[in-house]
């Protein structure tokens, strides 16, 4: 099987894949962020890389090295910036990094680029980075004729039936799915050695108001950093999620990129 | 009744309200963005200002002048940047403007500030602006002892029962609510003279995939810019929405700010 | 009469006006700044919008939403940054906002844009914003063939005879005209309900040295924030000023834009 | 006589002068800009340095190396950016350079700093740089207890009687004094070898409208770049101007800095 | 043995290590850059991570996730930006990312941080990032009492005797050691599966002038991207280099950090 | 002989030289930095300007005004930022200033530009400034057809034989050559009046570890700021160095620029 990790390819092989095969390039966008006592700090980069790798295998694609540092953790989606270990960057810096990298892939001759986001807080700063790069590229006439960039959050590719299997008591929504059943299950599937099931906390789920408040009201956030219980997680659920997400992303990208 | 618009207060009166009454300051954050053929370009600034004004009346608060220009319109929430009339700013510029203004309110002695966002795309850049200002302010020891900043999107304060009244056939979710029933109803309530009911288009709702794609696939977006039909809008529904949203925001702010 | 406020136009109507009528777009640039105890904080945005609206009516033009926040108040022209209520932004942020907006109007197909500045401190940061946008636009060949941008401070359009009528004892120069006779008269003309004549202070005019000094020497500035007396103000004078300024700006823009 | 040029002092001597003598530091702010066929491109840096040197001699001060590159030339004050040889920087870059340098002088222990501006277009970007540095310095408690920064344009220190001698037919105002009688006279006084009197052009003075227009209307500007005739210039006039300006600046700084 | 990769630690374990053990944190700084046909694009991140991991094992330290994208490749040290696959970021963006991350480690309570640079071009932008963070941190009094940051390029820790063993015909200097004997040997030691010895090119070493020239003179650079031959590389040499570099870095950090 | 200093040329003469003679433009890049008790703060700008002037005379070139302020002094190359008198700018600000100026020379029609760097710490920020400008210029098709930019550090043009004459006991390497034999000799050659031989300190040379450490370990740096003794300096050695460096730079530029 072809190597999918760009970091492990020589530039000559990469060039062949990009120019001859018009390989899709996938850029995983993670974070270094608390994920409770049972999951590692690198969960978002590990999962987005794992999903991107599965997608790449289905598409003959290439996975670029992950963005290891993401936008600031927010209480409602990642617990907040008061946790030790959470290591975040300013929004504009993430956007500028994205802009640079998109511009570089365009210079390489990449025509099909997808950012696979695994950290909710990244979304809008990645979007702005892509927007800025596209403006730059259309400025100068050097844009690869058909460079198309997709940005997605991988969990959006779960379907209702799968969610029903994963959450037999009903899917409570994505809002509190931080270090909870979905991420824990997927980590059990991809990186079981990094999950400490015994450390899953027994706290009640977080209950947030309809607004955000600054400075962070740390009292809103469970001390463990887990927004709702990960008790129901299993490797089997992780496999269901991973398979569905990666195959549906692969299908979506195939359709989107063929329609250039 | 007290004047609520900061733009119309003298600095002496404003100072009295801020320092003596510890008045809440509300900052409406809008956009200049297509809202279909039946609503005006300024809808987001007009509605966030109207809601903020209603809230201010309930709290004895002050409404600062709106941010009239917002972050770039995205196809799935605002139609996209290809529409004539949509006039947007870069994300970092919006964040920096927010940072400056928060810092200034802190210098004034404001202890209770709420950003009332009326344009979905603004959310994360406002958040970053607040984060940056809070970092600046905690750097230097000049932070008003109890400056607290809330950021909210006003529609998040609608309750299920009201949505059930507004959408008798079932609430389809916020995703396609751009220039649709909610905004049109609220404009009929607050600014009926700016709504042209005859121009409401008869298009099918937009149907978006689970990812975003750049450059904009304009074929995804209805030509009118309306993401789902505004046919069911009415002034009565607008009144229900406006009353609920403003009273629930007022109650939330009262609770949040008293708990300093 | 046609609607002149862009915020109140649908994008379809705006597009017709811009593309079919080649309508002039006017962008009022204000501030949120102390204007003494007798004028409101929003004076600069209110007056620049009012003048722009008068000009637009004469030209069939469109008035974009104002920049509500301006560059930092300086002691000699606006009293300085130590006043409560004055809410200013960093110079580069104002320039970047200007750059973005000029670029957007160019994308719309606007060929004739005029920034109507009502806050002296804004001038050079608006200029830089326009310069940056023009550089961007000439970079990429997408510049509207004849986009021309004018920037003006409205008071420069007063003629000597009018000044002689407004200042029967001799025009003391623009230097101390902050919250003084001109602005107060124009506010009496356009927004009489926002002027509190009884609160006009009885201070001597400010007397500044030939240099600027930082940090602000607050002792240079009258406590009221008024740089010279507004006692001679009247609605009649405001009408003279408003009429002359708006008609002369309209004439200048007509000449300038026809000579593309 | 003491060396006044910082560039020529060792750090040990500089430190003695700053810490022991509390020497005033003067920073000349120039430009590289066309000054007609008879004056050199470096006129603004040369004159501001010469004036600063004269002032420093009177105050026992130190002259820092000039800012050799200034903000973009504007048609009405410097001819505009279309001239070959004019070499300008973006506004924010000038502000940031100013911010850095002010911060550094503060670190040195300088308590009295004066920016001597010789290029009209610099003024507001220097101001912003000082404002930003003062904000930085007050943030961290390391501000030299009495750091005070003055910014001035040297020509503002000419008095009416001197202007009457220099312009026997009446002073036409500073507006067109670019490469004209004042600058040419002062260059004849300070740097006669760099003035080519035979090359003074015989053009009519420029006649500008009340607004600015972008892109530059080059037809507004005399081909030579001289905004009004330098014919009346003489070394004698230059001496009058230089003497008055430098002695009045020295007196103003002495008063201002003693009043710390 | 303790886990050394921060990405694989839970925040609780990381916190214990940082706060209780005062663990050294090591941040590998790499690039995505052509390294000839025989080494992978990720060589700099892989080697700096491998060295950091060896050092961490000796110190009980923690290895943060690498910076996967580095500053622009230059012809004389990395071949230049014209190679397909080289994916670089602007200098200021790298500095800002560094600034953010240093600030975050300080917030965590880290007292001992070392940036292990594996990409020559990164050096000065990392330095600036550290300088900016230290300025930020000393501004606000929240700096961890003894936060000390070291930045090093790992190859500087080779001693003469080892170089003599690695280069029996004499060490030609670091200048052309890109994708050459040192990096290839270390990759054979750490990641033998990623080295394709058969693809080592047979080109003469590059011969550069004493200056740099822009735009890139691609004719200066061997087509393969290898600046001097990697023919003499071996896993044994890689082991010598890796052992010496990691043990000497560990010793240096121990001494430096104990001398706080 | 032709005037070589751009600051002293009129724009008309400059234009002739640039457009008719395709004159090389040389930009000296200095610093304001401690150089021990025996050399002035402006040493780097003075020497780079002197070398550039010698080169310009040989090439018929033009010397632009120096960058008088450089990047932050580092302990190992310039002593560090803790010295009084050292006055530095942030890295990005130096890059942006460089970008602006390169862009301006391109607008003038300059085809051959060389940055003559005299401050080691500047190198990478100048490089980035050139890179950014070249990107800007290739964006818009206005790049002078053959604009080529060279950046060099002048000392790299010393040959082994000359170093052998200057250092009869063996050249210790450039590492500690700050305010030492080379710079002192060249100052004796070019600006003997600014060298105070009696003040050369009698300290041992600095002895630095293989890494950098922040905040600055001031104990690493001799109190005088001199990194190794300047005792062996002489005007004769300065003449040898200056002659070789300027003639070899002139030859290199001639070859490089003719090969456009």
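We just call them A, B, C, D, E and F in the order they show up, numbering each chain from 1.
Heads up, the rule we're going with is that contacts are C-beta pairs under 8 Å (C-beta built on N, C-alpha and C of every residue); 3 or more make two chains touch, one makes a residue touch a chain.
Just so we're clear, the structure is a prediction, and the values are computed from it rather than from any experiment.
> C-D versus B-C: which has more C-beta pairs touching?
B-C
> Can we say the copies chain E and chain F touch using the same residue numbers, with more than half in common, or are the two sides different?
Same residues, largely: of all residue numbers at this interface, over half are found in both copies.
> Between chain A and chain D, what distance separates the C-alpha centroids? Give it in angstrom.
Each chain reduced to its C-alpha mean, chain A and chain D end up 54 Å apart.
> If you average the CA atoms of chain A and of chain B, how far apart do the two points sit, in angstrom?
28
> For chain A and chain F, let me know how many angstrom lie between their CA-based centres, rounded off.
Measuring from centre to centre gives 47 Å for this pair.
> On chain D, where are the residues touching two or more other chains?
90, 92, 138-141
> Using the touch definition up top, name the residues of chain F that touch chain D in the complex.
5-12, 14-15, 18-19, 32, 34-42, 45-46, 64-69, 83-90, 92-93, 96-97, 100-101, 104-105, 108-109, 194, 196, 199, 225
> Where on chain F is chain E touching in the complex?
71-72, 74, 81, 90-92, 95, 114, 121, 123-125, 127-128, 130-132, 134, 138, 148-152, 156-157, 209-215, 248, 252, 256
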